[in-house]
Amino acid sequence: EPMNIVFTHHSSASNPFWQAVKKGFDDACEKIEANCQMIFTQTEGAIDQQAANMMAALARNPDALLTSIVDNNAFDEILQGAVDNGVITMAVNVDDTEGAAGNARQAFIGQGFVPAGYSLGKAMSEFFPAEGPIKAVVGISAPGQNWSEQRGAGVMQFLEEFKEANPDREVEIVRLDTGTDGAVVAERVGAYINANPDTTAYFDTGLWHAYVAQVLADRGIEPGKVLMGGFDIVAEVLQQMEAGYIQVQVDQQPYMQGFIPVMQAYLAHTVKLSPSDVDTGQGIVRAEDVPALWDLAKQGLR
Amino acid sequence: MKRLLKIYMEKPELAGIAFLVLLAIVFQVRSGGVFLNLQNLQGILGLLPEMALVAIGVTLLMICGEFDLSVGSVFALTPMTMAVLLEGGMPFIFAFSIGLCVALLIGFVNGYLTIQFNIPSFITTLGMLFVARSITVVISGGFPPLLPNGAIPKWLFTSYVGPGDLIRMSFVWFLAFAILIALLLSRTNFGNWVRATGGFLPAAQSMGIPTKRVKIATFMICSFLAGFAGSIQVMRLGAPLPSIGEGMELQAVAAAVIGGTALTGGIGTILGGIIGATLIRVIDNGLVLSQVDANWFKMALGALTVFAVILNAWLRKKAKSIKVETGK
Amino acid sequence: MKRLLKIYMEKPELAGIAFLVLLAIVFQVRSGGVFLNLQNLQGILGLLPEMALVAIGVTLLMICGEFDLSVGSVFALTPMTMAVLLEGGMPFIFAFSIGLCVALLIGFVNGYLTIQFNIPSFITTLGMLFVARSITVVISGGFPPLLPNGAIPKWLFTSYVGPGDLIRMSFVWFLAFAILIALLLSRTNFGNWVRATGGFLPAAQSMGIPTKRVKIATFMICSFLAGFAGSIQVMRLGAPLPSIGEGMELQAVAAAVIGGTALTGGIGTILGGIIGATLIRVIDNGLVLSQVDANWFKMALGALTVFAVILNAWLRKKAKSIKVETGK
Amino acid sequence: MTAPIIQVKNLHKWYSGVHALKGATLDFRPNETVGLVGDNGAGKSTLINILSGTQAPSEGEIYFEGRKVSFKGPRDAMDEGIETIYQYNSMVPTMSIARNMFIGREPIKYGIGGIGILDTKRMAEESVQAIADVDLHLRSPDALVGELSGGQRQGVAIARAMHFKSKVMILDEPTNHLAVKETRKVIGFVQSLKSLGITGIFISHNIHHVFECCDRIVAMARGEIVLDKPVGETNMDEILDVL
Amino acid sequence: MTAPIIQVKNLHKWYSGVHALKGATLDFRPNETVGLVGDNGAGKSTLINILSGTQAPSEGEIYFEGRKVSFKGPRDAMDEGIETIYQYNSMVPTMSIARNMFIGREPIKYGIGGIGILDTKRMAEESVQAIADVDLHLRSPDALVGELSGGQRQGVAIARAMHFKSKVMILDEPTNHLAVKETRKVIGFVQSLKSLGITGIFISHNIHHVFECCDRIVAMARGEIVLDKPVGETNMDEILDVL
């Protein structure tokens, strides 16, 4: 009898990152001939919808439930219920910030938002000019939404530490509401950089800085003048990395995040091996890694 | 007989109920019997009050001839206010009341601006959508505060009750409000004023109805219900997320329209709005259970929504063409 | 003189322009002179056509008495269709045409369902919002295709032209469409029909206007413009994301209303819609330049939008109270 | 001569770009029925709209029973005892006849603060009675006003005004759309106002009707009052002449 | 006797729950002016709405010049040469007088496929002329219809119909709201239809007017035709009796 596996998360179907996760998920399911379903939300970051989807899916009594845990409390009761019912339950992509202590889930596959933001900031700092003031802009794509706020917070956490570590340098941090529409982000950040040509770096909490790069290229601003970095890999991002506009990108290996938990669930279901945490990689991508990524990106593997 | 059928079929809510039954059967089959099992019904009925309360308010307001796009933001702001105050050590009853007062205040501002400057409520409340959401994020500082343990009387709002633990307390609240507002609309003079104000404003005015006050009151009721619904959701989830309720504005209007409320005002019933909200929730839940592929999910959702309204229109047309003198 | 002032002030577009000037001054000061510099204007004018084209279509449709909430999805679907075909090796001209035909088809379906079943276009197009978005995701397979290098005649759509490279070719297209549609509305019999259909449907029908065909045509024009605008954006950005245009439906309606279009139909001008769209973009841009913190950004956006409409209403009221016989 | 119940002094009304009322000065005495006649667009409806509070004058004063009043809305005028049948816009098409009859003045059982449960039984009964009083045959008080014929709708408006008769009764072209019998009823009603001690203002384009039921005739043209004479001192030809 | 231009056979109309027209059978002969009278709600407007294509009959047949026709909409009826003044609903309040005059029949310069540039100059001129023809004094053809007085609005509707006069002219209570002079104009117009070779259907509650300008009188009551006689063979009392 095939396994029933359900994957719920907080993102909508038009998000390429989660489409890559879905691909990994579907491919893995095919391998083990499981009956699989990934449930997107209607609007990006709708945790209440995610909770509703989870409840509906659990009514079917699946063998395994995979989910992103983007809030420390919202899913506690539901997941506890699932675990009590013997459903194999794993966190994927994002975990409770308290880890295993904060939630009944059995394992976590992925990398949290805050650490991811932190490592983005850290990787980017290697490109910072050796001296002089630093003006960093953090684009909060969706104020109030967990994924965006936490990634932003991770970046800012690093920047604050950087500031403390370099008391002689002037470090300014600006938070902007940049939005989640490529054109709007490009226009807003473009306008900002235009008004503040001394901007050192722009951090996006999504992948919309690729469009900012377009605007800069359009204006004849040379690559590297404003450092840029963000999250997730899609074709445009790779293009702009090759062009030199984007220095650092965090890639959590979405395909792996879809694939691995299915395998773990399979093992847990068939031979009762208990699932364990998997770090899908710091996933920092730099320009030199791009050529190797092109093919994978085309196949939707990264 | 024919006459009863006709009167019955002309009620816009009826088509909704018929479609609901139809869907239940389809989903029950497609989901292999899961749709109507206890756990799933529990799930549906547990979530329904939140959506339905908002739909009730929006329906009432639409009957009064106005829009409220800010319900989703009020849905988030009220519980956030409450949570922030709770975190600061205030007792539940005060924190909750202040949260609801904020909702009332927003409703008042919506109504006041709309009426004082004679501008479309579409714009006032669209602006309020942004403003209230922004306040929510600002007071939360971007991160949801923790609800202190035990601060919330769960037994009063979210515990399971009833036979087989089928419903939550929130459902009881929802029923109470639904009955109250339905009676208000159909049985009181205030309800008459609401309907007249939305039906034909010049007539309502010239017959001496205090249309301005009626509109402001309706805006406040709508906002209050949205805030109450949001609070229930937050108590259920245990986390006051600043992003809840996004996109709710269109859903609530859709629920009202599916239930037969006219966008132009004057026509509609509270029951219709509730049925509309139920339909939306059932379609959503049923599609998940039917394992519709993620990429096609929205398509099915959109198509079924439109279909619900088409069926509604079609049934009424059929009803109208039954040739019986109803003596009306 | 007084008479001219009065006639002038009664035009709803005028308040928009006045507010625009006011905002420009404020932002120019607050941004330390950056707001009106060449590059920033380039940025505003480069993005404006996309938003404004959608607003034009929605304004026209609203004057005709209908809504279109699906513009955002069509905005994404048309270029996605084009991109998928281009990737498959089809020449630009065919791929682009097919993309636009898809937009027209969606407009037709919106109109047909609305009219055939006599249901509110709010619902039809809300359903279409989901359906078209779903199709976009499905045909892209979830991953945005890359536009093949050199496949797009950039000179025709997105290159800079004009003195100081101030505008893009897209602006020229936008102007052309704006003038065309504005003339269509104000100078042709078709425009007369659109206005009559939206102004008072029973009268339009009883005077023999083919209201059904007029509505369907208007739905198609609206969809077409949204698709065209989306294509321009994708050509400019070089990549068709399946998520572009989300939330555009409310913005476009807001633009129309800010520009003086009535939600009930019959009243409004194309110029008004354009000014509304410009205001929205300018507010957005100016707030960024003024370094408003992320959490407060939406608040400023919402408040300024409402203020624009209040000012508009206030100016017209003042104009009306000027006591001059205009001979009208 | 008794003191006037309503005094209008130098009333002006500007619509945007139109000077519709140009300094009307006029008295209405208690218990008198005044016929208001005039060309299309003369300003009759504008004048009575101001008296009934639906429009605000641009200039000028109104005295009611000697007190200066300024109506903020129709409610204020109603509270003073002015009841109006408007030329248009007085029915909500999406509501039933019974509800339309009582809009804004619903009989309530157990209410607080003016809000309470509707006494639907009484509403149905009284509206049936009121409609029968104007000789109108309607199917049921639950029919929607929007589904009535033109005359039936006008009939309901008349029935409502007759039911709520007050100190002053303003009728703006009440017989339009009405059939012969109903028209007779309305004329009869206007004639009876005197015996009920009600002041009447009757607007009509049918001079015969005006002469039949009014004590005094006021003619307007282009926003001004051009003639104001008791019925006995004028005749149809003079009236037709000034128009 | 000439062949009828319009024949109506056993026409029924059901509104939801109301049987408004119960088998009306009636002929209209070319060049004849028929007066249609009847109580409020008798079904007069329903009958002529069916003839002018705004409503579909539930049952029954219509023949126009001997051919069986079934109008899908008002356009079809207009194309056959039936021009109607409706009791309500024939003006768009948010549009100007000139535009309202020509709605659906705009004169165009350089057009293709029926769509083209409006000839606004001609529209303004002709509408000024048409309005002057009914003795109406209006400020300008650019004024919005929604800002006109009741009578002015009705006058514009009349002017439009007179301007576009056709084979058959249907007038549903055209003199409502009109002042004395304009009313005379309308009566005169109806009388002149005969000499223009136009068939007329005139609905009014004013029996005097009907007798003044019609050749034949048809009375309706409760959805049925209860009397159909030439003017010469009946008199006012008989008519008032059957109503």
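Annotations
Going in written order, the chains are labelled A, B, C, D and E, and every chain counts its residues from 1.
Note that contacts are C-beta pairs under 8 Å (C-beta built on N, C-alpha and C of every residue); 3 or more make two chains touch, one makes a residue touch a chain.
Since this is a predicted model, take the numbers as computed values, not measurements.
The minimal number of chain-to-chain contact steps leading from chain B to chain D is 1.
In terms of the stated touch criterion, the partners common to chain B and chain E are C, D, listed by label. The mean-CA centres of chain A and chain C are about 33 angstrom from one another, to the nearest whole unit.
Chain geometry summary: the mean Cα position of chain A and that of chain E are 70 Å apart. The set of chain E residues that touch two or more partner chains comprises 18, 139. Residue numbers of chain A whose C-beta contacts span two or more other chains: 13, 22, 140, 143.
Residue positions of chain B with contacts to 2 or more other chains are 133-134, 137, 142, 295, 297-298, 301, 327-328. The set of touching chain pairs reads A-B, A-C, B-C, B-D, B-E, C-D, C-E, D-E, using the touch definition from the header.
For chain A in complex with chain C, the touching residues are 12-16, 19-20, 22-23, 140, 143, 174-178, 180-184, 186-192, 194-195, 210-211, 214-215, 218-219, 234-236, 239, 300.
Residues of chain B that touch chain A in their complex: 31, 34, 37, 39-40, 43, 46-47, 76, 133-134, 136-137, 140, 142-144, 146-147, 233, 237-239, 241-247, 284-285, 288-289, 291, 294-295, 297-298, 301. Residues 69, 113, 117-120, 122-124, 126-131, 133-135, 137-138, 142, 250, 253-254, 257-258, 262-264, 295-299, 301-303, 305-306, 309-310, 312-314, 317 of chain C are the ones that touch chain B when the two sit in their complex.
Put simply, chain E touches chain D in their complex at residues 15, 18, 38-41, 45, 87-88, 136-139, 147-152, 154-155, 173, 176-183, 205, 207, 240, 243. Across the interface of their complex, chain E is touched by residues 6, 10, 319-321, 323-328 of chain B.
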